[in-house]
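Here's a structure for you.
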Amino acid sequence: MGKNRIEAFSDGVLAIIITIMVLEMKVPHDANIHALTPLYPIFLSYVLSFIYLGIYWNNHHHMLHACHKVTGAILWANLHLLFWLSLVPFVTGWMGENHFAAAPAAVYGVVLFMAAIAYYILQQCIIASQGADSLLKKAVGGDWKGKLSPVLYVTAIVCAFWSPWISMSLYVFVALIWLVPDRRIERVLLNKES
Amino acid sequence: MGKNRIEAFSDGVLAIIITIMVLEMKVPHDANIHALTPLYPIFLSYVLSFIYLGIYWNNHHHMLHACHKVTGAILWANLHLLFWLSLVPFVTGWMGENHFAAAPAAVYGVVLFMAAIAYYILQQCIIASQGADSLLKKAVGGDWKGKLSPVLYVTAIVCAFWSPWISMSLYVFVALIWLVPDRRIERVLLNKES
Amino acid sequence: MGKNRIEAFSDGVLAIIITIMVLEMKVPHDANIHALTPLYPIFLSYVLSFIYLGIYWNNHHHMLHACHKVTGAILWANLHLLFWLSLVPFVTGWMGENHFAAAPAAVYGVVLFMAAIAYYILQQCIIASQGADSLLKKAVGGDWKGKLSPVLYVTAIVCAFWSPWISMSLYVFVALIWLVPDRRIERVLLNKES
Amino acid sequence: MGKNRIEAFSDGVLAIIITIMVLEMKVPHDANIHALTPLYPIFLSYVLSFIYLGIYWNNHHHMLHACHKVTGAILWANLHLLFWLSLVPFVTGWMGENHFAAAPAAVYGVVLFMAAIAYYILQQCIIASQGADSLLKKAVGGDWKGKLSPVLYVTAIVCAFWSPWISMSLYVFVALIWLVPDRRIERVLLNKES
């Protein structure tokens, strides 16, 4: 009960975050095709953040699918996750406008790191609400992706001051390992239904 | 009947309010990490307002849970509440940009005060629609939080012109007493169902 | 079938329109309370447009309640209505920034007039889809409000070039006669259910 | 299962895209009616893009109606479509501000072309998920509109550097052939139900 509304609110916030990012791509005054050239780093950082937010929406979707009771802790853990994701347009714009400079690349990693921690807390809140034989706990299992990502984010933050391109490669790499949807949850849910 | 749509509309408006606030944090032109330093009061006021809107969404969620019939009065009382909440991004930006100066801190309190009154009116409209043995009336009970908050807001507004930091402490304090979700409603609903 | 989605999309668009209007109220740089004084016409036009959009959401809500089959014509009539309402933030901002000058006050009336026509077309599409004994047709009846409003808007547009304050009074007057929710539809629906 | 949420998220994103486009129409400082004259190309490009997004929402609505199982591929194909549509406000603003100059008119076509390809991919993902006797496959049939549109977009892109007005006519023409809602899907669904 109440699950619909937490989904609707999260969908709304994620839909707005993903869409207002595009407002950072300011319309150039010049009508020449070359007027678009200075926008390419903003465009690339937009693509990266769009994919990250898509991954979060996707996994959030699967995770709430496995959640049947919404507690106060889950509501606040979900708002905490949305808070960090709401900072993505800001850091995306900062990184894009400064052509992936050291400081913005590091701060981008900090926001991704905090969002990953917030996602983990939300996951634990849902598992706690489900008691001893939590369906989600079985589904998540070893959760190597969830454990590897924060480590890679921290590596990327540290590397940013040495070479931001290593950080960027790490952000792209983490996105790639997550692009595969969380089939573990799907599988356990399907097993249970059959 | 129609309850779904009032929830969907309120979720939409709250999701947008909470997200456009972040647009007040203008992307700095400088790529240096120190470029973020001037943004810290805007960030802090964003965090405070995010928590307030989270509390409103949370309690709104619980209150509408206890509401089964949507009348014209409830629709307009809800729009009235959304009106005052829609002013939160404006006062948050004003307060943040001016480092919690006296006037913005006081006006921030005025908006919170009006939102609290609007919330109370909405609550009374729902109770009135439920007749003599209103479930929500029982759930709300003495409602010391709902009565204490406006008093603290008025205190904060008056104190702002003397020391804005007292006002800010009061706003944080009110947020803290509300962060505990409205278990009264949850409890009464559970009792009724069992 | 499909009614849920037309409601969800309309709610989303209306929620965004009502909320982005507040972005026209630019945060003043000055921390003084007098910095808010120049904003009062923008605030007043925001309040007026908020009430108008609230009325549209309210009546849209009641009208779709009486609609059971969504046709292609209804989908496009609905988008047509949303198009004119999406121009409300623009004319509200223009009117507010220019202290209710003649031209903005007239153009504000043009947008309200077109929205009223679009609402009427949507109403006729729903009635047409319901055939001979349309429930909505009975509910709407003489529809004096729907017929009087466009006449008053045209009067307001013409008067704007003579005295914009007559126009503003007419806009406030039309809002007041609509603030009473469309009880006709509620009544007919209730009669049918009993 | 999960179909509701993919619809809700898509509705949210489309509602925001369609509404933030209007923010490109900057409020003029002058109160004179002639202050609106420079805005007419922005207004015209807004109308065109509003209709295109309306067509996408409409057809998306019909297509998901025929989809009963949401796979990971469908989720990502849908996000891919939303990505290209999210660029519509940017190219609309660029085209409008530059009075339908060559480069913006061509880039507008590129975004429409990519959105059409993304829509086709989504359609194929849904058909693939439905197996051999896919309801959507039958409904779509020859799909001459879906095949003609990308050809016309490419023609428009090439023509833009010769005469942007040919491109604009082609965009309007494609919009017109799509304005007729996708009755094929409606018909096949109705046949099956009867």
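We just call them A, B, C and D in the order they show up, numbering each chain from 1.
Quick note on the criterion: a residue touches a chain if its C-beta (ideal position, glycine included) is under 8 Å from a C-beta of that chain, and two chains touch if they have at least 3 such contacts.
The shown structure was predicted, so the numbers you read here are calculated from the model rather than taken from an experiment.
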item	value
Interface sides of chain B and chain C: same vs different residues, half threshold	different
Rotation angle superposing chain A onto its copy chain D by C-alpha atoms, nearest 5 degrees	90
Averaged-CA centre spacing for the pair chain B and chain A, given as whole angstrom	26
Approximate Å spacing (C-alpha centroids) for the pair chain B, chain D	37
Interface hub residues of chain A, defined as touching at least two other chains	8, 12, 15-16, 20, 23
Chain D to chain A touching residues, read off their complex	1-2, 5, 8-9, 12-13, 15-17, 20, 23-24, 72, 75-76, 79, 82-83, 86-87, 89-90, 93-94, 97-98, 101-104, 106-107
Complex interface listing, chain C residues touching chain B	7-8, 11-12, 14-16, 18-20, 22-23, 25, 27-33, 35-36, 47, 50, 54, 57-58, 61, 65, 179-181, 183, 186
